[in-house]
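First subunit A sits with subunit B, and in the next complex the same chain sits with subunit C.
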Partner chain A sequence: MKRRPGIEADPVDCNRQEIRFLERRLLLKGALSLGALGLLTGCDVTDEETVHRVLWNMSRWNDRVQMALFDPKRLAPTYAQSAITRPFPFNAYYRESEAPVVDGDSFRLELGGLIRDRRPWSLAELNTLPQSTQITRHVCVEGWSAIGKWSGVPFRTFLERVGADLSARYVGFKCADDYYTSIDMATALHPQTQLTLRFDERTLPRSYGFPMKVRIPTKLGFKNPKHVMAIYVTNVYPGGYWEDKGYNWFAGL
Partner chain B sequence: MRAGMRTGVIAVCLGLAGHASADQTQAPAGTGQPMNPDEPMEGGMMKPGMQKADVRKSAEKKAEQMKEMLEKEAESMPPMPEQAPHAH
Partner chain C sequence: MTRGVAGRASPDVVIRVHPLTVRITHWINVTAVFTMAASGWRIYNASPLFPFRFPADITLGGWLAGALQWHFAAMWLLVCNGLIYVGYGLFSGHYRRNFVPISLNSLLRALADTVHGRLSHTVGEYNPLQRLAYLGVIAMVILVVLSGLVIWKPVQFQTLGSLMGDYPGARLVHFISMAAIVLFVVIHVLMVMLVPRTFVPMWTGRARRPR
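After this line comes the complex of A and B, so read on.
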């Protein structure tokens, strides 16, 4: 509507835009309050499955944010030999005496998914690849941490050697104790991510993951699988045992 | 008799020395004991009611879910140009 010159603008008309914003704000506020109430009261407003779905989606969103913030060149702190925790704690979903016994001679690391050369690797063959050593801190989600010395093959070197699709999204691991987990490709290619074959200058002990573990000092301990028997590269979200139970998947430090 | 014992001792010592310098692919000492799958899980990450057998069940379910897609992805990969042995 055209306004005649000299006549002041209708105050309601002038503030219409502002009123519209205010209404939107109130609507948003109401929706958020209802949402919060829904989460607090759980089953009263909505069913448990819906709440789980919302929380799951929030956790996956959290993963995406962490992935976006992850700096593939930023190194985890390293420590002096004197800082190594002795004895290094054992931690698993079973007792130390129940750790799996894997025969090193017949062990063959299986490969799958988006990898060109999927022939299995023996321990002797893995030992011929270039090795590196790190003294880094293992941080457990349970609230403790310990410093250890790990040696093995930089994971990037291995992935390049077997012709893995480095543009894929995930790398998954299957273990002799049935545990399974997965990581993002950026972390897999991080310079400190390692196929660990030795601990504190000796063959990786059974308690710490013989014949091979994956050491990832940029992630929480449950993302560092022990007794690794198979590795696969994929674009399908593989999750993990604890991750599927609600623990955060990215779990970065 | 003494000579026989000496030979035996030497044989045992040689055996131990051989074992100590054995291939590094040998598992460190420890035979382990079988896991009781019906026991509650150890550690602070578990929730009440979780049993050790839950991990195997979840792993089998996951493997089944991923199997088809992993096979398709593997088939989509071109072979390596050369198939040299892994070891150099």
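After this line comes the complex of A and C, so read on.
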């Protein structure tokens, strides 16, 4: 598969070979190996399209259930300084040396969609906004987790500052690589959702998403985009890189 | 088995051993548990807790996202079916009649009988070891569901998670309860193979017992 660098917590990190299984029909090949299931249920498991559609619809149903379970006021657990995972794992399906290089001086965060003031932001300007710090657990869809320390602008503060339509449904992110993802507005406004500029008290290193990432401790890792270049607010479902391939969209913790 | 000859009354009586609700939920549960285990093994393989992976051929989903889709679809089947089963077991008296009491003495006696190859299987009755096994596997399914909830939603269900050692602890609990369920299934199927006359009643609900 073509290398597509630069995302956070891609579910493929430990298993490069997983990438080779991306084709959807393989999704079902595994299903067929459990032929007994078809015998037991009386379902025609060989009808790949039907199975695929049912599973996809269940994932959309699970999005709605998760939205209902999400408590906008409930904070993700925070940890002591000593609990930080060191070294914090570099997480991508490319080597650390292949992470995208973004020039911090010329970087301008682009804004789009349902936002009143779409003027681009430089790093220096973002640094003048109120900052917060969190030590939270990053949970990867693969199952592993690690505790890290992130600092930056509370995302809610930023959205309010630029006059985003807070009643819109989605916030989308575009990254320096081809990665893209999106979240629900309720999560965007959660007190711990953060425009992250620093990791462990230092400027966010390139391997963790320089110049900017979005840290969302109430979402799985792949919903925490790195190297964010553009943010837009929309009512049209924006999907995401992994989400469009079959990973659950809401992916809330 | 019946020794009945045509034209003569059978020396056996036909008794109802498994109520309809138990039979239906049992076979739905078989489907749910197989799907959850096979897709769960695929998910496990993405980031193994222990130094081994499950052979891909016995897993379900084809890749991580596919396995997750199966897992989070079949969980509804497992939980809804399980609630109906447990609700029925509690309110119909099925558990009270068949699974309790289990005394330590009777358990030890049954264990000794098993070791000496003397443990008998009486159709329609649950011996102490069976009672323990069935109550145990019900407890394990409850535990696998609770730890699964914590893994799925470690923030929303953090109070429950704190009882299991947070997210990493819940993964361990989830794995161990899965392993216990699989162990139960293996023994359960072996027992049916040893006493094959118990198989058909799980479908028909009826069994013959010597008069």
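Following the convention adopted for this analysis, the second predicted complex is superposed on the first by the 205 of 253 C-alpha atoms of A that agree within 3 Å, B and C clash if a C-alpha of one lies under 4 Å from a C-alpha of the other, contacts with A are read in each partner's own complex, and residues count from 1 in each chain.
Criterion: a residue touches a chain if its C-beta (ideal position, glycine included) is under 8 Å from a C-beta of that chain, and two chains touch if they have at least 3 such contacts.
Everything quoted here is computed from the prediction, not taken from an experiment.
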Exercise for the section: Determine, under the contact definition given at the top, whether A:150 touches first (subunit B), second (subunit C), both, or neither. Expected result: neither
Exercise for the section: Please work out whether A:249 is in contact with subunit B alone, subunit C alone, both, or neither, and reply first, second, both or neither. Expected result: neither
Exercise for the section: Kindly classify A:116 by the partners it touches after superposition: subunit B alone (first), subunit C alone (second), both, or neither? Expected result: first
Practice task
Considering only touches as defined above, state whether A:142 meets subunit B (first), subunit C (second), both or neither.
Solution key: both
Practice task
Classify the contacts of A:102 with the two partner chains as first (subunit B alone), second (subunit C alone), both, or neither.
Solution key: first
Exercise for the section: Could you tell me if A:205 is touching subunit B, subunit C, both of them or neither one (first, second, both, neither)? Expected result: first
Problem - subunit B versus subunit C as contact partner of A:91, first or second or both or neither - result: first
Problem - Partner chain in contact with A:158 - subunit B first, subunit C second, else both or neither - result: neither
Practice task
In the overlay, answer first, second, both or neither for which of subunit B and subunit C A:62 touches.
Solution key: second
Problem - Intersection of subunit A interface sets (partners subunit B, subunit C) - result: 141-143, 242, 245, 247
Handout entry: Residues of subunit C touching subunit A in the complex
Key = 27, 30-31, 34-35, 38, 42-47, 49, 56-70, 72-73, 76, 151, 153-156, 158, 166-168, 171
Completion exercise
Note: in the complex, subunit A contacts subunit C through residues 11-12, 14-15, 18, 21-22, 26-31, 33-34, 36-37, 40-41, 54-56, 58-59, 62, 66, 69-71, 74-77, 137, 139-145, 217-218, 242, 245-248, 252-253
Handout entry: Of all residues in subunit B, those that touch subunit A in their complex
Key = 23-28, 30-35, 41-47, 52, 55-56, 58-59, 62-63, 66, 69-70, 73-74, 76-80, 83, 85-88
Exercise for the section: Spell out the residues on subunit A that touch subunit B in their complex, using ranges where they run on. Expected result: 91-95, 97-105, 107, 112-119, 121-125, 127-128, 141-143, 163, 165, 172, 174, 177-180, 202-207, 210-211, 222, 232-236, 238-239, 241-242, 244-245, 247
